[in-house]
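Across the two complexes that follow, chain A remains constant while its partner is chain B and subsequently chain C.
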Partner chain A sequence: MRDMSDKPLLDIRDLKIEATVYPPGEKPKTMTLVHGVSLTVEKGKVLGLIGESGAGKSTIGLSSMAYGRGGVRISGGEIFVNGRDIMKGGAQGLRELRGKEVTYVSQSAAASFNPAKRLMEQVIEASLIHGLMSKSDAEARAVGLFRKLGLPNPETFGERYPHQVSGGQLQRAMTAMALCPKPDLVVFDEPTTALDVTTQIDVLMAIKEAIRDTGVAALYITHDLAVVAQVSDEIMVLRHGKMVEWGTTDQIINKPREDYTRALVSVRSHEHAEKPSSGDPVLKVENVTARYRSVPIDVLKNVSVEIEPGHTLAVVGESGSGKSTLARAITGLLPPMRGQMIFNGRTLSNDLAGRTKEDLRELQMIYQMADVAMNPRQTVATIIGRPLEFYFGLKGAERDRKVQELLDQIEMGKGFADRYPAELSGGQKQRVCIARSLAAKPKLIICDEVTSALDPLVAEGILKLLLDLQKQEKVAYLFITHDLATVRAIADSIAVMYKGQVVRYGPKSDVLAPPFDDYTDLLLSSVPELRLGWLEEVIAHRKMESAGN
Partner chain B sequence: MHPVVKLIAQRLALGLLLLLAVSVLIFAGTEMLPGDVAQAILGQSATETALRNLREEMGLNQPAITRYFQWLGGILQGDLGTALSNKKEIATEIGARLGNTLFLAFWAAAVSVPLAIGLGLLAVRYRNRWPDKLISGVTLATISLPEFVAGYILMYLLTVKFRIFSPISTIYDSMSFGQKLNAIALPVMVLVLVVLAHMMRMTRAAILNVMQSAYIETAELKGLRPLTIIARHAFPNAIAPVVNVVMLNLAYLVVGVVVVEVVFVYPGMGQYLVDHVTKRDVPVVQACGLIFAAVYIGLNIFADVISILANPRLRHPK
Partner chain C sequence: MSRIPLSALIGLVMTGAFFFTAIFAQWLAPYGLNEAVGDVWENPFWSSEPSEYLLGTDNIGRDLLSRMIYGCQITILLATASSAVAFLTGSILGFTAAVVGGWVDQVLSRLVDLFMSLPSLILALVILSVLNVTLPVLILVMGLLDSTRVYRLARAVAVDIVVMDYVEAARLRGEGTKWIIFREILPNALSPLVAELGLRFIFAVLFISTLSFLGLGVQPPLADWGGMVKENKDGLVYGISAALVPAIAIAVLAISVNLVADWVLNRTTSLKGGRGA
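And now, the complex of A and B:
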């Protein structure tokens, strides 16, 4: 029996964490990531850690295993697990702790499994290394966990390699891997963030049941308050490495004390009134069917949508539904096999090579990953100035003046023109990408998951900016996203895509109003809602429906 | 058909095609040399009539294409022609020499490959600490030393200063296996020193690259020992780049050991080639060139195949 006293399982006191960064050509800088945070987790309880990126939530989570990524190190404070100061056990003591008392589930299970090893070998590895059980016992336990987590063919699931199963299944397999050695504490680090909303709900339920049935305690780290509200007993809100607020889940979501928590709670409630229809569309996509050369399956099947000038069409669907393929077809990167696209009254060449410079100028694109969409060796002025030179031949002072104008438009002001992308925050990078696309004075901008990689509050700022710019410039957006809250906040009309087809299409008010088709219903009901008991309600409702059928 | 079988078949077909192209190059290259075989046999003072008669007799009057296919046809039947200098069958001569070269290369590889990979793993385990720097420093020093210098230094130390080995590495069929091993100890050591650094550095770099992966963090958070993590989780994912460099070095061990063979008077392919180049014995040079090319291409195909087999995505498709 482990420690039977009433001490908390995890007791972190006045934790300080630092990181040393080595900027090129400068002296190494030491930054403080966590400024004296204290927390406790009781046996069998779940504490949610919430905050935007840079809040230090993952860093704190990993500190419970005395682990720091990169140059991160614990510089102050004490960490007790089962009443033992884990900083005093040396390397051997840490190996005893990791994988035995505390285990970890990462955001990207796809990257966290070794591609060269079968799943079973990896799932039972910690149990064997620590001598916790025999190989056959560990395998039996793993199969039991596979079954509990709802994985298909639990007996044979472990024989597969990571690339042979889906992302949602891998995330569950990683949960099984964390639970297999019967730990006291599991650190869940954004375990459902990378999943589709319809998959997330199943994984979330599986994790919740596994926590309940095994009586394990957990640190549940996420930026999504609605998700953490479903699984945790208590929630701690973090910002800039400091604690903002710590309370029961009910208190945090229903009676937040701090302004910052209130902002987090209300961030989902933005609504955008749809604009009235104004006639001629700027883009008409007609019966477009497309496939990739290597795969003999139509990725787009007879897709027809249109966008009016100055309007936003949101294209929603889960990964693999064909949303981004639609963008590639419209931009000409993937010429459709059938169908046509009419842009500004003229028929677009299906092939990129056949398009005029005017076609290219009027159709711009913004990407999910702003970092990789910019040349890291060019300054902001060069990046934004390029389309000005290319399309309008602006040079010298005139170009600089226009660049500054655009920077003002994206609310970045002076002093940014000479910076490099690496010196910008995630939100600022995306703003520069928006300015670059605006510089071409386009009629239509395709926005491919442009807010998915951003924190909620930053994403909200970007959406607001896009809406303001739409008002000023009368530009239309084709807005690709998997996030229905974003759709509510920005769309005038919506196309729901599923397996390459548009299954529901129309003005926002129609699409989001019942009666729904099965898929839209599934999609809408899977979006986590910020209230206690939502997860159980949805699951119970679905069980009832499937029993009724 | 399993995609792996298809990929491997493609590689083999490409390799054969490449070998065919190389044979054309070799033939064309020797064809472009001034003079011809008849001239070489009869020497500068030969009369026109004698030359014409010999050419007639050897079929040298036929167009180059015909002679190329005759040569290629002979090779396909195992007939490499006869050497001009001593009128012996090239195939039998080369057979013995190639055996000796492969014997030396095999033992050099058997020592150097595990040693290089082991040192690479250790260098990663203690990266940027003194064991890493020592391993890198020593192996880089040995690769920077020309083979003949390393050869003579070792010879001085191990045969003159301390009389452990014989300075002459010539082996005969009558020697026992142990005697042979003893004879080739010195050249094996030199070859190991030459190829070690390249393979060690590549192993280190490939594993370090893999060490950035998220699954290495997973392994650390399971409480695995550092060397276990490197050997069990990092190395299997670094096999492809390592195998390619290993094969390049193995090819070097077969093809590029002329200097070492000369220094230690070892009767291998390299010495045989050099001897016959000086005698302008074109058929022998052609045969050696073709065999070296075949070894080189073969080993690279082998590396490709292992890289393919090491990839679980190809081995176990969805």
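And now, the complex of A and C:
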């Protein structure tokens, strides 16, 4: 038990949170989202909340502002901020609390700013509403925060509209907005999750310095243990609305006590041994240049890559680098302007309409969002069975048998065939998508960020499955991802893309070994590592390099 | 299966009764459609002379109840058939425009814009006044005019569905336009379309009644409710109930179908994918 004499800033005791759901055709059900979680945050400290989706971390974060999102209500426990029970303050008490004592930084800054108002107006709004400072003082403070957060032209930054700044800058502007009214506590809800790794590192550093300099306390919510390890003093691991483990950052990442925490810590450590070269490539992309209609910019510039049978080529890059466009060019959805693709020794028609059924069958695709990659009105049996019927003419019992075989292959077993996608978990949905592409007996599967939308442990299972299937079926993967840990775990060769060009390409061992070109170095060094002090090291390293130049 | 709310139950029973009457009109009607049986405008409701006919008689002494029953048949037949025409053409063209895109979409959409820019009642009056008005012509004119509205809805719904990854997956598999329209898009667009069907049916009832009232709809010797209001409207001045009976019937039919449509709309919008519908 902690010493209760010095009152913590935030003290949540035995918090219970419920939500009522209304399933169609059934009686409303009450679900408990958070089962009695207690936590405290001292002044000026940062507590990281970590867990997979549905663990209740955002719900707990918002409860520190006595707020429940759509139908969610706090049904038990006490929440003290500055020693005051915020559940008993009534509407007036809440107004005093929100935007004054506790502020919030959400995941998607782009969706949280009013596009019709200038940034400055929105950043100082809370300070003015609460009468904390005069308009000129608030603006001066905002400019100071812009400078501290490393935003360009801090004097005039506030005059811009939200669409005139980048995603990373907007996220920092939102942090400035949260810090402007001098709150005691800031709730950061996955503030860097939507950003590219190279942007994430800057935002992370800016947030960390801003927290340190202003002495504010913070709840930092994320699913990425490596990120939270950089900014927090303590970490609480949550699962299914219960606390798994709570300790100092050092203890959680170096000496985890619980099995679940150990699994989270070790999830990124898989290394895949590179396969030896095996002869003629299954797909050769030669000098492909492509652009989208009506945009006179080449999204792909002279891209040439090869994939060998049964191998995995990982295409890495940040958003906008053209990696998904490469997939669209290969599948024929975006016919390239120049260049050609040779698949199985045959030249592929650039246009989807010109391809033979055989070409279509041997080249399959798996999507990032399994949710929208499956027709919600079709059963699993129809989804997996359709390629069997379409390509091989299988019908009736024979088709059902093959569907079950595929379900066994993706380790799902019996009882799933007549379910609808809405009745599957996220990982199961992605597995069904894998089975659907596998049903066509392809030579090459394009995997477009297939694990990005999944929780780390589930993603790990999917990667393992993909590797096993590769061994059994000798299928090649073109694996598009922005996550270098995934690349290490699955790739045989790597193509690094930047602004539509392949800047580095070769076997994994070559690409990931120095000497690096500038961009690959930036990309590799930006991937958060699960150890204390990593962030400072990288930043110091970069400062030294730029000073040397 | 959830319990049917009271309002929808009332709507279902009433709509069912109307359709039953329409289907079995020949057996239900006590007298013939054009059989003059009594005095002109016998009024059973508030006149001093009682009538032996339940709803009285019309402007030339025909049994109003029998004419109401036959009128029900014509009105519902026309509304159902024209809604069916509107939905078949509207949704198939709308889906095709969304799936194929490009100039096909442009041509169809601009054509629909053109038709929607003209008031449909006036357009119908112009077309019907130059044509020989028979039941099939009426059905086609009303159905095609209404199909512009359905086209709009179907296209808007389908455009949202076409960009989903599962439709792209189907295209990559090599599926044809027919599969994409009927197997990928239609099941997902059904809920808003079914709800719209109810509304369109009501509008069709009102539309056909309006046309007949103006004399360009159902032609004698056939009778529908709108035409019956027209035939008997002069009696209103003398306190005769005959014109009110078909008017009330039109309102009751519209309301009861609406009650059902509301319930379907509620039920299907709460189903975000998955079982049912």
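Note that in this section the second predicted complex is superposed on the first by the 544 of 549 C-alpha atoms of A that agree within 3 Å, B and C clash if a C-alpha of one lies under 4 Å from a C-alpha of the other, contacts with A are read in each partner's own complex, and residues count from 1 in each chain.
Keep this in mind: a contact is a pair of C-beta atoms (placed from the backbone, for glycine too) under 8 Å apart; a residue touches a chain by one contact, two chains touch by 3 or more.
What you are looking at is a predicted structure, and each value in this text was computed from that prediction instead of being measured.
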item	value
First (chain B), second (chain C), both or neither touched by A:65	first
Chain B versus chain C as contact partner of A:117, first or second or both or neither	first
Which superposed partner A:429 touches (first chain B, second chain C, both, neither)	neither
Which superposed partner A:106 touches (first chain B, second chain C, both, neither)	first
Touching partner for A:374 - first (chain B), second (chain C), both, neither	second
Touched partner set for A:508, first chain B, second chain C, both or neither	neither
In the complex, chain B residues that touch chain A	213-215, 217-225, 228, 233, 236-237, 310, 312-313, 316, 318
Touching residues on chain A, where the partner in the complex is chain B	65, 67, 69, 94-100, 103-104, 106, 108, 111-117, 122, 125-126, 129-130, 160-161, 163-164
Chain C - residues contacting chain A, complex	1-2, 164-166, 168-169, 171-175, 183-184, 187-188, 267, 270-277
Interface residues, chain A side, partner chain C - complex	22, 24-26, 331-333, 352, 355, 357, 360-361, 364-365, 367, 369, 372-378, 386-387, 390, 420-423, 436, 440
